[in-house]
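Please see the structure below; I have some questions.
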Amino acid sequence: MNEVINVVKRGLFVGRFQPVHNGHLKALEFVFSQVDEVIIGIGSAQASHTLKNPFTTSERMEMLIRALDEANLNDKRYYLIPLPDINFNAIWATYVVSMVPRFDVVFTGNSLVAQLFREKGYEVIVQPMFRKDILSATEIRRRMVSGEPWEDLVPKSVAEFINEIKGVERIRMLATNLEKNEKELQAPIRIPEF
Amino acid sequence: MNEVINVVKRGLFVGRFQPVHNGHLKALEFVFSQVDEVIIGIGSAQASHTLKNPFTTSERMEMLIRALDEANLNDKRYYLIPLPDINFNAIWATYVVSMVPRFDVVFTGNSLVAQLFREKGYEVIVQPMFRKDILSATEIRRRMVSGEPWEDLVPKSVAEFINEIKGVERIRMLATNLEKNEKELQAPIRIPEF
Amino acid sequence: MNEVINVVKRGLFVGRFQPVHNGHLKALEFVFSQVDEVIIGIGSAQASHTLKNPFTTSERMEMLIRALDEANLNDKRYYLIPLPDINFNAIWATYVVSMVPRFDVVFTGNSLVAQLFREKGYEVIVQPMFRKDILSATEIRRRMVSGEPWEDLVPKSVAEFINEIKGVERIRMLATNLEKNEKELQAPIRIPEF
Amino acid sequence: MNEVINVVKRGLFVGRFQPVHNGHLKALEFVFSQVDEVIIGIGSAQASHTLKNPFTTSERMEMLIRALDEANLNDKRYYLIPLPDINFNAIWATYVVSMVPRFDVVFTGNSLVAQLFREKGYEVIVQPMFRKDILSATEIRRRMVSGEPWEDLVPKSVAEFINEIKGVERIRMLATNLEKNEKELQAPIRIPEF
Amino acid sequence: MNEVINVVKRGLFVGRFQPVHNGHLKALEFVFSQVDEVIIGIGSAQASHTLKNPFTTSERMEMLIRALDEANLNDKRYYLIPLPDINFNAIWATYVVSMVPRFDVVFTGNSLVAQLFREKGYEVIVQPMFRKDILSATEIRRRMVSGEPWEDLVPKSVAEFINEIKGVERIRMLATNLEKNEKELQAPIRIPEF
Amino acid sequence: MNEVINVVKRGLFVGRFQPVHNGHLKALEFVFSQVDEVIIGIGSAQASHTLKNPFTTSERMEMLIRALDEANLNDKRYYLIPLPDINFNAIWATYVVSMVPRFDVVFTGNSLVAQLFREKGYEVIVQPMFRKDILSATEIRRRMVSGEPWEDLVPKSVAEFINEIKGVERIRMLATNLEKNEKELQAPIRIPEF
């Protein structure tokens, strides 16, 4: 019995999902095809209500659940794990490992994530991103702010959820609110750099 | 489609699971019988390698996955969410809400958890615990330290996992190590209390 | 007696006050006219000695005390509450509520503050700002750095205090010191964003 | 004008106020008699809903406001400042100084507070406590838990407020809830101590 | 040239040093005899002014410098590294590794430190402690509080330094100050433990 | 004996050392010539694997050790102290003082460091930087990213070490990885600024 459990192969995939979009789905489809169970880490889990991180972790989980249901990726078991930032890259991979179920391989399109896990000896599979020019959360948030169409870049159920929670209004409010002075540099300690 | 998703009823259950035992299983069986999906919050997620919190969150998740498989509670969807302590009770319930999928009701046998969620307006169902005298993680850890039998108090798959990771040896090491001086009071700021 | 206390109406106003200026005073005059007691939250309370946040909380409190005395707004009771950043927007309003006396209404000219409190069910009154182009702390700090006149934009007692503590010299030092490299992006964890 | 403000003498008094009682009032009466304005620091401001710290900072502020009104100590200006713990004694006094208005003297009955401020060069006046055996928050919380009379040890308005918010029920719930296992030692890192 | 540097063998030794005593010196003599350079990690570096951690990191460094000079252990290079607690055992060893120069072996008499480093694959040499009954910092602090002789248990230069900084007075003050109520349990979040 | 120790004069020098370069060496040569022992504080010690802070504290310590050996500055005793950011400028100098051995004077080319220590009453010697246009870590990191020669700007042993750990590849990876969206403003709390 135990042996059967032990041979379950798990893959880890980390993203911010601000919001979930079709590029995430493409990537997740590949991950689901390679392993028995998928751990989805939700990065910057403490962040929300900013232009770069408009949605809460709770909302991002809801998007993932609906998108995976819509894509029929729910026949395999997956785990949704919030990962609040620790702002300490040298120990980040060890921190993630302590907070998620045991896994066998990391899937990522991000070279820093790849490097941080490789430095700790994990197998990493780098995925080329599909149509990264438009299938990026940044592009989607930009369209939301400027009033351009964005719905086709995300799963239908995610678009519906974002409309339910008035997500576009929230992002526009955040964009309006951001005054010039907020863009000034914050340089908290500023020790000498010769 | 979307409407169907919306009527899914979710329950939240929070524990430390140090380790998972038959009392947890009894309680979870009840929760699974009441809702469509179960959110299992793993408290003190940052803690491990102490007498009170010997196991990492990753290990506790493994115990939960195996125990729920063994109990055939895996036909309903469940979520495993690490909840690192924030040491700020007045905002704890709001913090939990932001870190887990939307839920409808809290199940707990702990009156503080009940109160913190009720103060924020959540429905809370208090569960009487079954044989709390022996079905407590404290009692199990005590038996592990003193060399008494403990295996019958936890699911079979959990006992196997604890043996795999040499969990009893770890707890005994922690008990040995704890010198008297460690038990002195730590009183970090100690402002006047007249 | 108690009943009288209970009918006291309190308003909350949150700002960074870097530094206190005539726009703040205009806004506070309105708040003082609407409620019995005013709670003034001092945001980013841990910040000082940066271009965006040059003054300590202690100094900002001193400015507020003097400005309110000068404006004869001291006949009503007010509270000065430091609010260190928590960098967790989803729980920020709950955090503020736990740290200040009970209040009835929030006054703000900032749409994010408005939204965060409304999401938690508080009454929020949005105030249009008076001459926001010049009556902004950003503009005042810019003038201080560039050597342009700024004194007319703040209460007389605040200008005196800033001169007492050599505040303009401090801001200029901070502006000089800020080397190009400090403006590089800090991207602490950088998880994948497809 | 400015000169007048500058000669205002301020005293700092720090307490946890769990809850406010007649001993606090006696001490505050003395402080109010010695200075022009009083800064009341509320220590362990992040703590609530524990046996040692049952009340939130917001509730403790309400108690102070009502008690000072009842004692007619409200003719002088006072400041209520939340002081979350930093668990770093060597910098605690400097931290407090940055978070409160400028002050001239510290009043305290606690020798650690006295020492930490004296080490940084502040004038400290040590107050002998009045009837410390019964006028202590610890004794009052003990009476609340055990069902003994406590109301006479606190100002009338504070007793009323505690009853309004069902404070005694909260403390009893906290006492009931505290299982034996919670009393085990937490020894987070435990580095060698030979 | 570079090759020569690379063959330098370094050992890591971690302690709290509250205060430095003859048992530490015995242990350090052994470590100095085994490696070319010694890294001395000062644990709980943020702690001071408590009964268990009376001295600041700065003071503990001064004790170490003087004791190593007195013992003529200063012919080999050593490093003094403050290690503030992170309260996250699962990542503690990785954290230490990122904060100290590269090392080859860990020396410790503490089985938890041994385990945490072994779990990350480091070589650990466990040292039996010499006369642990009296050569313990706990025993020395106990003697300081009760007025018994302690000077013979620490290096002469350390005793002189503690007297210089009035360390015994500080510990006695801390012992006096510790009221009964401070000894109550703090149970910050208290999630269910069945 | 003790008296001799007491007259040791120590200087504090704080830098980020990302990476160590010839300008640092010039500055350190001056510091070593002025005092008996040198404390080298390594700022932003928690940072690594970012464009601005590519190297871990452990790696930066290795660079310093090799560079000081190469420059024969190792005849005097020096201390390498990691200083994680606290993001609280008003208490930063006090924090540093608690974490390093007692010192007599601060050497810095950074006017903020100078001011923060002067505000706390320390003697500060400001050093003009030598050829700051090219001898800056920013310029060196820029050259590494763009493929221009940088080796002549750092000590030979540091260039060798950076090549050993494939430091240039790491920086280029970080530069590649940094997507546009990462440059968006993060404005975590954004309280009103009129």
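We call the chains A, B, C, D, E and F, going by the order they appear; numbering starts again at 1 in every chain.
Note that in this section a residue touches a chain if its C-beta (ideal position, glycine included) is under 8 Å from a C-beta of that chain, and two chains touch if they have at least 3 such contacts.
As the structure is a computational prediction, the values presented were derived from the model and not from experiment.
Participant: Can you give the shortest number of steps from chain A to chain E, where adjacent chains in the path must touch?
Facilitator: Counted as steps through touching chains, the separation is 1.
Participant: Any chance you could name the chains that touch chain B and chain C both?
Facilitator: Per touch definition, common to chain B and chain C: A, D.
Participant: Which of the two pairs, B-D or E-F, is linked by more C-beta contacts?
Facilitator: When the contacts at B-D and E-F are counted, B-D has more.
Participant: With chain centres taken as the means of their Cα atoms, state the distance from chain D to chain E in Å.
Facilitator: 34
Participant: Taking each chain's centre as its mean C-alpha position, how far apart are chain D and chain F in Å?
Facilitator: Computed value for the inter-centroid distance: 41 Å.
Participant: I'd like to verify one number: the distance from the centre of chain C to the centre of chain D, where each centre is the average of its C-alpha atoms, in whole angstrom.
Facilitator: Each chain's C-alpha centroid was found; their separation is 26 Å.
Participant: Quick check on chain F: which residues sit in contact with 2+ other chains?
Facilitator: Within chain F, residues 47-48, 50, 56-58, 87-90, 98, 110, 112, 136-138, 177, 179, 181, 188, 190, 193 contact more than one other chain.
Participant: For this structure, give each pair of chains that are touching.
Facilitator: Applying the touch rule to all chain pairs gives A-B, A-C, A-E, A-F, B-C, B-D, B-E, C-D, C-F, D-E, D-F, E-F.
Participant: Applying the document's contact rule, which stretches of chain A touch chain B when the two form their complex?
Facilitator: Touching chain B: residues 1-2, 5, 45, 48, 56-58, 61-62, 65-66, 69-70, 74, 77, 79-82, 84, 97-102, 157, 160 of chain A.
Participant: What residues on chain B touch chain C, complex-wise?
Facilitator: 88, 90-91, 94-95, 98
Participant: Under the stated contact criterion, what part of chain B meets chain D in this complex?
Facilitator: Checking each residue of chain B against chain D gives 47, 50-53, 87-90, 110-112, 115-116, 136-138, 141, 177-179, 181-183, 188-194.
Participant: Can you tell me which positions in chain A touch chain C when the two form their complex?
Facilitator: 14-16, 18, 21, 23-24, 27, 41, 43-44, 46-50, 56-58, 83, 85-89, 92, 108-110, 112-113, 129, 132, 135-138, 170, 173-174, 176-177, 179-181, 184-188, 190, 193
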